[in-house]
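These are the structures, in structure tokens.
In what follows, chain A forms one complex with chain B and a second complex with chain C.
Right after this comes the complex of A and B.
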């Protein structure tokens, strides 16, 4: 017998979680499109963002949400500075440029995780927020926790701004041109170094601030990044490579999967369930659940 | 008629004396230097072997397996489960490690080797994480309590053996496995048609296909083989350290180490993982002696990976062979500087 109240509550939690995952997934997918690199460090950006929230919140009177502007600026700068390094290792006359890019971000991820672990130790840290407490209960449906709702609203609005930039401005057009064909974009007079830095910086900024919200919803831990890298990967595989609308659906599926698994099986086996789903999707439909992405082969 | 020439005579000039010297040193190592250095030797040999196993799939085949540590853990738990839960001697656990790792890696290979290299890397890595989660919640692996393996003289083959199962035994076991791994790599990848097929697949998959190479099959063979090697080392390691826990033998740092050892030494070379493995292992031991037991080696390893990829992608072996010189580094820095163009 399924408890209807519990069921709708799980759906609400899952949808709200999905909102923030979509932000991470779209950025990850775009980084792949523009830089042709699968960014292994994506989860570590989430983790570092959460820790920045934990460190900055006391400065603003235990209010993590005020850390967001600082996190956005810092991560944009960080991303814009890291991008040339990634671009450098994936181009030029070196053997296996794509694999080198992957190894590089793998090293970056290890560096970020290890640094935070060394500085803060292995324990959980809270990202406090006094404004975002409690929840709004809608009879017959369930409770909308304020933190998760604001998180989802942030995720979706961040996504909309990002999409607007990408599809309605000249800069966004330049970025899409680079994603399509880097050499031709350069021939058209696009400063590819600059726009790649902007794209990667924007992606890092969104991911890092998503990390602050994730820290507020759950907690900040040096080991948490691994999980979000797996989530980002799950979304692009489920969506089909390079198919952005699919990422949105995949993010929601991910949120729902996580909350259902946590309640009905165990919170400790989320990755196991996700891997099982990926395994099945790759066997049955390598172009994603909607079958509209490029083949993963 | 090279076959008629004795092995040593095929090695040119003074190098043969080095080979004999190093060989003799390896053989007498634990007897001359005692248990402390035997333990250092065990660790170094194990990591060289593991780095080589990663090099098979990551270096020779060009498929980055970021979940390779999972097979080390699978091997460790296969031995542990056989000995603790079923009371079998170690050799049964050893065999089980080989069989289980082969079966699991085959099942993983079927869908994930469809992916391009980059997605294969994350898929295998997600697999490793899910293995750790599975081991933590399953009863047979001891869950969060881990497993304590028995090490009395009758646990090797079922009847008591006339020698002590301690450092010296494990040193020679690791030596045999490490040399076996080296010989296997040398034979399969450097002296065999199979090696050419693998390298052709790595360098250009479509061209290799057009030459009639079944690349899917080749990839799968290399992957399963390298996973079995990692599992073998895992099973011996489990018995050596006596107590295994999912957070130790399935930790992501195990894969991290294999990657940096093979990469720093030189991907796709026979001697690269040896050089990289020795260097990273000794650096880590030294840092733990001088800095105490800290997590500082993690950012250190991360930085090493990034610098290697940026400035010396062919690793120590590449530098020794003269593939990377000072001019290359200078050119690299200059080109890198030009890419910073935000304002």
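Right after this comes the complex of A and C.
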């Protein structure tokens, strides 16, 4: 007999967990769709963002959430500076540009992880925010943890803003043109370097800020990045490579699958089930659940 | 100057001769026949990877012993001569197979003895290497009962198995008033944590308390689901086996979902800085298990005059308060030091010396700041030091631990039932 109270709570947990994945998947999907970079550093941006939240929170009276604007700006600038380097190693006459990008970002990930480990040591670090503590209980439905709800809202908002920028502005049109055909976009007079820097900066900013939220939800730890890199890959495979709207569906599928498997089957088989879904999607619909990813074209 | 061209045969002779020379030199090192005026200990621990926090704790423990004996006594005195101690580290990278390779490397480098790794997983991989090479090995930080149930001849441990620590701490908690009627037990699915969960379950069963559920899950699980299932069962106590990251995630999820049992008992690492820093406002009132804290009422012994003197030395050297893993690691060094003295052999130790050392370790009784160390030679936990009294601790508002159980060891009264999250 299924306990209805537990069932609805598991649905809430799954949706909000999916929301956390959305915050990471949006930027990662954008980076792949627009820049064709499989960014292995995505999880480390999350980790560095979490540590920035931990460091900045005391400045704002132990409210990590107020660190978000600073993290957004810093990561945007960082991303805009890193992108030309990625562009350099993935263009020209270099063989296997996708692999070059992967190797470059893998090195970047190792550098970021090592730097944080050296500076902060191996300890966990709390990212406090008393404004986001506790949960809101709706009788008959369940409890919505405030920090997770705000994180999910942030992720979905980030997606909406990106979508608006991409499909409703001239800058977005330029970025889509670059994604479609880099050479033709250049011939049309689009400043490719500028728009690629904007896209990568926006991705880094969103991912770093997601790190602050994740730090507030869990904790900051130098080793936390790898699991988020793995989930970012899961997200784009399920969503369809480079297909932004699919990220929400992918997040929901991942979150709900994880939650229901953990409670109604066993926590030990969660990864097995997730991998089975990923392999299934890759075999049956390589363009993602909705079939609208890059491989469909 | 013109270089004379070599034919293939001459080249092969040269390479063969050089390789033989290197091999002979290496064998000389392996056999321990070379002169050395210091004791060389190999330490295998995790200095990178998921377990690096604990790896650094053990490293501090081993280093504090070596630095103190070298600085205060000039080393270990054997037969009227004093020999310094040098520890060489190999990184297990939080990986059992890498740890086993690192142990082999240490043995091949001619170590006199080995100080053991952090974590039971890695220790379980290292112990067979010690057996194969007849190498004395004391670990200061492995608690899984499996290690000692195997009956290894060359491995010893200063920290009691978690079957004892977890069991006695849980038993002390279940004796608090109002006596709990139900518990929910969770454990990360790896050997140490499951052994912890098992020991807590045994304590609950012995106390006749209802076990609502005993759930095991992988390390990177999302704890809202764990907490929701537990919350639905509404237990009086939540007992958890895992490492520090899992404790932090558990209390964070509990706070977010308003899950309020009368207390959380978690093992290992509640009284570490990493838990206090990671859990933040959620850390106070957590119960934990230990065999040593600086305030424990115990006499000192060899090298350190008291537990507090050891804590002060740690604070001075590393600006860090030691926990029982660090203390147990230092105690491992002290035990080797006393055994070397009793052996009376100058370094490097021969294989006969090492075999004799095992007999000495089996008989040894050393009084230290950490407690009296003597290893079991009969019973279930072979070569484990089970003499040290397990303690139930609780973190105060400032995150510092106090001993709240068992009754005859308690220095403070437990804050129990703990306040609900929204009342803190």
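Here, the second predicted complex is superposed on the first by the 275 of 297 C-alpha atoms of A that agree within 3 Å, B and C clash if a C-alpha of one lies under 4 Å from a C-alpha of the other, contacts with A are read in each partner's own complex, and residues count from 1 in each chain.
The rule is simple: contacts are C-beta pairs under 8 Å (C-beta built on N, C-alpha and C of every residue); 3 or more make two chains touch, one makes a residue touch a chain.
Every value quoted in this text rests on a predicted model; they were computed, and no experiment measured them.
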Combined model on chain A: chain C and chain B, fit or clash
clash
Applying the document's definition of touch, where does A:271 land relative to chain B and chain C: first, second, both, or neither?
both
Partner chain(s) touched by A:100 [first = chain B, second = chain C, both, neither]
first
Which partner does A:198 reach: the first (chain B), the second (chain C), both, or neither?
first
May I ask you to decide whether A:125 touches chain B, chain C, both, or neither, giving the answer as first, second, both or neither?
second
Tell me the contact category for A:234 with respect to chain B and chain C: first, second, both or neither.
first
Touch test for A:81: chain B only (first), chain C only (second), both, or neither?
first
Who contacts more of chain A, chain B or chain C?
B
Between chain B (first) and chain C (second), which, if any, makes contact with A:38: first, second, both or neither?
first
Looking at A:134, would you say it contacts chain B, chain C, both, or neither? Reply first, second, both or neither.
second
Quick one: which of 237-245, 255-263, 273-281 or 327-335 on chain B sits on top of chain C after the fit?
237-245
So which bits of chain A does chain B touch that chain C touches too?
117, 227, 266, 268, 270-271
In the complex, the residues of chain A that touch chain C are 3, 5-6, 9-10, 13, 16-17, 117, 121-126, 128, 130, 133-135, 137, 143, 145-148, 217-221, 223, 227, 258-259, 262-263, 266-268, 270-271
Residue numbers of chain A touching chain B in their complex, please.
32, 37-38, 40, 80-81, 84-85, 87-89, 92, 94-96, 98-104, 106-115, 117-118, 191, 193-194, 197-198, 201, 226-227, 229-230, 233-234, 237, 241, 266, 268-272, 274-276, 278-279, 282-283, 286, 296-297
Would you tell me which residues of chain B are touching chain A in their complex?
62, 64, 66, 110-112, 114-119, 121-123, 125-127, 129-130, 133-134, 136-137, 202, 252, 256, 259-260, 263, 294-306, 309-310, 313-314, 332, 335-336, 338-342
Which residues of chain C touch chain A in the complex?
49-50, 52-53, 56, 189, 215-218, 220-222, 224-226, 228-229, 231-232, 244-245, 248-249, 252-253, 255-258, 273-275, 277-281, 421-422
